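In the two complexes that follow, chain A is the common piece, with chain B as its partner first and chain C second.
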Partner chain A sequence: MEPSLSFFSDFNINDFWFLGQAAVRTLWISLLSISLGTVLGIFFGWALYEGKLAATLTLAPLLDVFRSVPLIIQLVLFYNFAPIMGLNLDPFGSGVVILTIYTSALVANVARGGIEAVGKPLRNAARSLGISYWQDLRYIVFPIGGRAVFPAWVGVALGVMKDSALVSVLGYVELLKASQILITRTQEPFLILIVAGAFYFALSYPISRYAANLEKSWAQ
Partner chain B sequence: MFDYNFHWRPVLKTLPDLLDAALLTLEVAILAMLIGIVIGLCLALIRLHMKGSLYWFATSWVELARNTPALFQLFFFGFGLGAFGLHLSPYLIVLTALSFNCAGYLAENFRGGFLAIPETQMRSARSLGMTAWQAYTRIVIPQVFRIVYHPITNQIVWCVLMSSLGMLVGFRELSGETQFFASRTFRIFEYFAATAVIYYVIVKLILVASRILAARLFRY
Partner chain C sequence: MIQIRDLHKYFGPLHVLKGINLEVKKGEVLSVIGSSGSGKSTLLYCINGLETIQKGDIIVNDIHVHAKQTNLNQVRQKMGMVFQQWNSFPHLTAVENVALAPKIVKGKSKAEARKIALSQLEHVGLLDKVDAYPNALSGGQQQRLAIARALAMEPDYMLFDEATSALDPELVGEVLDTMRLLAEEGMTMICVTHEMSFARDVSDRVAFFHDGVMEEIGSPSQIFGAPQSEHTRKFLAKVR
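Here is the complex of A and B:
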């Protein structure tokens, strides 16, 4: 039991505070990129739906790139490309930019699916009642289509939350990076990783359960 | 506009090495995929037909794989197991982590596939004199395979992208090799841009191959 004794003397209350702060940073970067990415993604999804040929030729392949290249490569690439462009971004900024674009590429497909899920006759009926195009989008398509793809969107959001761990390669101290730092100091990888993993799990599991139940109850 | 000179020569000179590393990436991804399919199938069947401790084992596997970041799983197999004196080689770390992850995600796909097959299929096969094994392998599984074919394709792509995390545990697949050369020549942007292109091509090749295979498999 020698190692675990030294662990308890090394891993003190301040380290929990350190991990907690890192967890808040994970939450902050995920929330920021998911909200920005969702707004952007809905716009892209709408453009893909309405843009027909032009969007299929320009926007779709561009978004496809972000889904076909590993996120970690995108992050390193952008982090090293920004200074070439004359931008001076810290790891947090670069992480938010790439995670936002990555989220929007995933949400665009979800959003397009949502718009397609709303029947054409329904929208025509709305328009013939004198509702304008934007009112139709706001009051008909958004509530009905949004409901249809909400579980899929939750899946994307949780995926981005988990993928935000990759921002650690740029040096941003989020939860997983913080656990790496603590492991280096305390030489107690197992317990610290369990704590970090438990945090992700505690965040992700209830939300995914909630979405699955919602999907089930709406399917009926 | 740019105050930066691009140097592509070192990238071109080491391109054969990068392509070799790309083959290693493919090898690990496909191997992990095969292991993941076998384990995922077992997990799905356990979750559908068993009760008790075996059910809880399969369920916790699936939920852990789906609700924690892939990077966390990689670190866990890489460093966490070190606490028990189990030190895997980088190749094995990536392979186990990928297989663990894939098995969890595929198990849910398989479960959905099995649930989509009406129970009458099984019963009529049995009443025709087939044994349970025969009915499963000749009637149920081929139909399930058709349902999960596209999710499996997506999972292979995801597997290839995720194997890029190997560079964080010192595995010299495509990303690791890129990082190695990039840190030797300081041409980080050029190397990672080339790697992004290689990943993109690999993913597109997989999708094309899967589409051709689907056209041949599902002719009827």
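Here is the complex of A and C:
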């Protein structure tokens, strides 16, 4: 008697399409978290630099917690405890919230470093021309400090993109989760992990190339 | 006119300026000499409002610089300042360095600001470096750029804080020449300097600072020819 039923089937072109869609979800959740987290992180970095007592006492330890606790623990805790506080977020929403805070905690220190890199004498020179505090931040500190810490920021962004794989533990079907589903069905982990890895690379590589070109154009 | 009355400045427990009284009239060139740590640079920072003061008053064009209601950004437009480190904005070309403040502080249009910048670059002899970035300029050129940048705001006063001290010896001349040019054009200048020949030849008055006190002020011939204070004599003997 021949076996008439198989639980497994081969990897096919539809699966490739399935992974592609998952890669778009990875890109989307990363893009959102990195953008929001960067804006928030720059603000935090500024607050840390200005060293207002409140920021040093409350913000700095809080950011340390988010930087130090493994992301996977933060995700699971937030996803399960948010409903208790009346926040009913789907896996995507929870993922964005935690990834954004996590990104902002990392970017905060990068941003503070950027502001420190500009240095008081240069800022004094700007202020001596009648340039206001906010104009100084906008026209002097942001462009100069931003360039100084841009490579560090790219590192954070690429890291967060890869870390977004952890949102899969909440059931969000991004690249890693999608490959796990396919591996279960096809029993071809080697092939599928290579394809998934290639997708991650395809997402990261343009960013690092673009960043490298940007840095080159700044170097004059 | 710049009026300084009984000015006291502390850095923590350190008493840096101990009751300075000084008036600088329109068109006057004042050189401030003295050894490092005598408080002469701090004086400039206080005049510009970059440092707070603890006692006394600084009045520029009848405006009390350190009064609470004073808009420092407005006062500073009237006082150009040139620092020991030239502090060019590294991400902007020479012309953009000079045009920035007229554009964002005075609200000039891009074309107007560029025109002002070009005329000031010509003024300091940098017209051939208009589109160069600061890292392609020598120290002397960057310092002249800093002077052009300050002049673009059409200040009534120029404050020079050891403008040539950080320069290689062969680059000092071009910056001093630019400062001389300004003096000849009638700019009111306070120059903290270690260049005794500049102080002697260009200034109307020379002030000698020692340990936070203005020990002596007078014409160059009097300060250099017949100094009254013991400290002045010792200082001049050392720098000569």
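Quick note on the criterion: the second predicted complex is superposed on the first by the 193 of 220 C-alpha atoms of A that agree within 3 Å, B and C clash if a C-alpha of one lies under 4 Å from a C-alpha of the other, contacts with A are read in each partner's own complex, and residues count from 1 in each chain.
One rule holds for everything that comes next: a residue touches a chain if its C-beta (ideal position, glycine included) is under 8 Å from a C-beta of that chain, and two chains touch if they have at least 3 such contacts.
Fair warning: this is a prediction, and the values are worked out from it, not measured in the lab.
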Chain A as common anchor, with chain B and chain C clashing or fitting: fit
Touched partner set for A:189, first chain B, second chain C, both or neither: first
Residue contacts with chain A in the superposition, chain B compared against chain C: B
First (chain B), second (chain C), both or neither touched by A:131: second
Partner chain in contact with A:143 - chain B first, chain C second, else both or neither: second
Touching partner for A:69 - first (chain B), second (chain C), both, neither: first
Contacts of A:210 with chain B and chain C, given as first, second, both or neither: neither
Chain B versus chain C as contact partner of A:122, first or second or both or neither: second
Per-pair minimum CA distance [chain C against chain B, superposed on A] in Å: 25
Complex contact set, residues of chain A against chain C: 121-122, 124-132, 135, 139-140, 143-144, 147, 218, 220
Chain C residues within the chain A interface of the complex: 48, 50, 73-74, 76-77, 79-81, 83, 85, 87, 89-91, 100-101, 104-105, 133, 135-136, 146, 149-150, 153
Residues of chain A that touch chain B when the two form their complex: 3, 65, 68-74, 76-77, 80-81, 84-86, 158, 162-163, 165-166, 168-169, 176, 179-180, 183, 188-191, 193-194, 196-197, 200-201, 204-205, 208
Chain B - residues contacting chain A, complex: 2-4, 63-64, 66-72, 75-76, 79-84, 157, 161-162, 164-165, 167-168, 175, 178, 188-189, 192-193, 195-196, 199-200, 203-204
